[in-house]
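The same chain A turns up in both complexes below, where it pairs with chain B and then with chain C.
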Partner chain A sequence: MEYKIKIAEVFSISPGSRHPDEGDYSGQEFREKILIPMFRKCLNAKQFLTIDLDGTLGYGTSFLEEVFGGLAREFTVDEVLNHIKIISNEEDYLIDDIKEYIKDAKG
Partner chain B sequence: MNKSVKKHKDAKLLRRRLISNQKQKKRNKSLQGLSKSEVDFIKQFKDYNKINAPINFSFVHSTEKTVEFIRKIERSFSIKQKIFVNLERVEYIDNSAIIVLLSVMNLFRSRGLGFGGNYPIAEDAAILLYNSGFLKSLFRGSRKLTYTFGKKNQLFTQENKKVVASLGHPLMIEVGFTIFGERKIFKGLQRILLELMQNTNNHAVVDNKGQKNWWLSVNHDRENNKVAFSFVDYGVGVFESLKSKKEGNKWFGAFEKVKNRLKYGTNEEVLKLLLNGDLHMTVTGKHFRGKGIPGMKQVLDRNQISNLHVITNDAYADVSGNNYKKLRNHFSGTFVYWDIDDTNQTTEWSIK
Partner chain C sequence: MLKDRKTLKDWALRILIGIIIFGAGFYSKCLIDQHTIIKFSDTINWEANPLELLSLIVTILLAIYVTRTLGKRNESEKVETELLINYILGFKKDLLERFDSISTERNIEQVKLNSDCKIIRKRLHSIISLAVENGYVDRNDNLVNSLKDEVTNIWETLTDTPPLIDGSASKEVTDGIATLRADKISKVENIIIEIEKIVFNLILKINKG
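Showing the complex of A and B:
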């Protein structure tokens, strides 16, 4: 079974800020409602989770850090790095940035 | 009452009456030949502090004089003095000045402090000000952010410092049509807007000074296939915000940490380090990864925007022209200008 999340389809075409009190479609909301439940399933199934960033208007860094750094804070840096794949054909530079947000994540 | 005291008091009263009569005559003389509505207009604002706008009224092109003008308005605001903004002599005005004026005038409106103003005599300047929607925005306030399709000039604001990512959707549709005649995605535009809104949200207020809004002016130049953006966060500004960071914050003591990298220790030098990501690296030991203010320069370096200008506190940066300078006057906030044209990088429309 393939585990895949396309943010533009399951969440929003205009992802917002870090926390819900800062505006709509925050990184925290995405992580808690969509990403974490799916990531748990992937870990249990020992599968990869593919996250597709294309098809949105673009991303702010707070959203990305909260989603991916936050995921590493919830689990571990290694678990996240070893179980997610990022698709970002429209903004390829985001892949490196996200890897660094994960590595820099602090509990 | 002692006779000499009474005599002295009477003389004083007489002097006052004479001066008052003279003043009244002078006032009447100055109103001669004016229509009743003109006289009423002058009388309405007689207690207001009249502040003259610069002839060349542009925050980007005539920064010093425009900041000086804004400072005068701020001074009146700080002592709760009503003001009359005199734009009569303005020969050139642009949207960078209009959005800054709007943000500062909103302080008066929100605190119920009296203010007034007039239009430039120069026709082009008057038309530009009228078409900007300045007055409508000023009196409508900032309760609701609405986008209107088909308008060449629009002003947006949002109270409570909210990050409104969805604004990018209608914006991109229209920017694409103005520049390319079709829908395009401008990832750099979305990035810079989100970083600026987030910056206002996190850093604009140290001690609840003034309004907590951001302001955005979007101006379509269909003849030149260009769209210009001016963003104002009328908060405390970048350096005041940095200096106010408390112990435990990753930016605490940032100025001390970069001291040896500066020639003069001035804010424009720090701004250059900040925009280049060097401040982030020195203070945190890590790459900035697109975050915050250096993320804006990254968007410029990727050719997703052009003509980036940043003005904050006493620092001016024409980032595209690599021209950084110190301002004589201090601007209490952060102003950012950029534009997008057909030479900038875009993404094909993939929004469903």
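Showing the complex of A and C:
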């Protein structure tokens, strides 16, 4: 079974900021409602989770940090790096940014 | 019929002009012979030195090569350079248009900022790819890396700002956000100045080839 999340389809084409009180479609909301449940399934199944970033209007640094840095804080940096695959054909440089957020994640 | 007559008239005119030019040339030769120390030979030497002939052929071929091939190539490179520079200037103009107005806007819309940053970053990476692919700059060039870093700084500075929405926060919080906002706007304005300098240097570098 392939585990895949396309943010523009399952969440929003206009991702917002970090926390829900800063506006709609926050990183925290995405992480808690969509990403973590799916990531747990992937870990249990020992599979990769593919996250497709294409198709949105654009991401803010706070959204990405909250989603991926937050995921690394919830689990571990190694678990996240070893079980997540990111697709970003529109902005390939985001992949490096996200890896940095994951590596820099602090509890 | 009328056309044939016109052609005949043209030819007659050309022959007449030829005779006049030849006459003028001959008269000039006589004048030069009589009044100067320069003397023209009355015979034409038809002997040809093979080496001179070869040299003449090479000169003619070189002239054709320089004017046609090299000329065209230089023209093509010039057009390519101008296109790339226009593309970079277009990027700078777009950047200024998108981010110059943020200091006067009352509310910063997060989604719009995200979208603007996406377009600007994407545009920059596209220009850099073109410049690298066509051999104008190196992928690890200092100017290229500085430009990428500064644009990423704008993205990080602006998209980490909480939106300022009227009436959604207490006065203390609003004041705090306003100060934070002013700091970030000032930072972005400084980054834009840096970007302008880098773009200027990059254009100079591309022009120098």
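Keep this in mind: the second predicted complex is superposed on the first by the 107 of 107 C-alpha atoms of A that agree within 3 Å, B and C clash if a C-alpha of one lies under 4 Å from a C-alpha of the other, contacts with A are read in each partner's own complex, and residues count from 1 in each chain.
The criterion applied here is as follows: a residue touches a chain if its C-beta (ideal position, glycine included) is under 8 Å from a C-beta of that chain, and two chains touch if they have at least 3 such contacts.
The shown structure was predicted, so the numbers you read here are calculated from the model rather than taken from an experiment.
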item	value
Simultaneous placement of chain C and chain B on chain A, clash or fit	clash
Partner chain in contact with A:E90 - chain B first, chain C second, else both or neither	both
First, second, both or neither for A:G23, with chain B first and chain C second	both
Touched partner set for A:D104, first chain B, second chain C, both or neither	first
Touched partner set for A:P15, first chain B, second chain C, both or neither	both
Partner touching more residues of chain A, whether chain B or chain C	B
Touching partner for A:G60 - first (chain B), second (chain C), both, neither	both
Chain C region in steric overlap with chain B, selected from 3-11, 129-137 or 183-191	183-191
Residues of chain A that lie at the interface with chain B and also at the interface with chain C	14-18, 22-23, 57-63, 90-91, 93, 97
Residue ranges of chain A touching chain B (in the complex, touch as defined)	8-9, 12-18, 22-25, 54-63, 65, 90-91, 93, 97, 100-101, 104
Residues on chain A engaged by chain C in the complex (per definition of touch)	14-18, 22-23, 57-63, 90-93, 97
Chain B to chain A touching residues, read off their complex	161-166, 168-169, 172, 185-191, 194-195, 197-198, 201, 286-287, 289-292, 295, 302, 347, 350-352
Residue ranges of chain C in contact with chain A within the complex	110-111, 113-119, 121-122, 125, 152, 155-156, 159-160, 162-163, 165
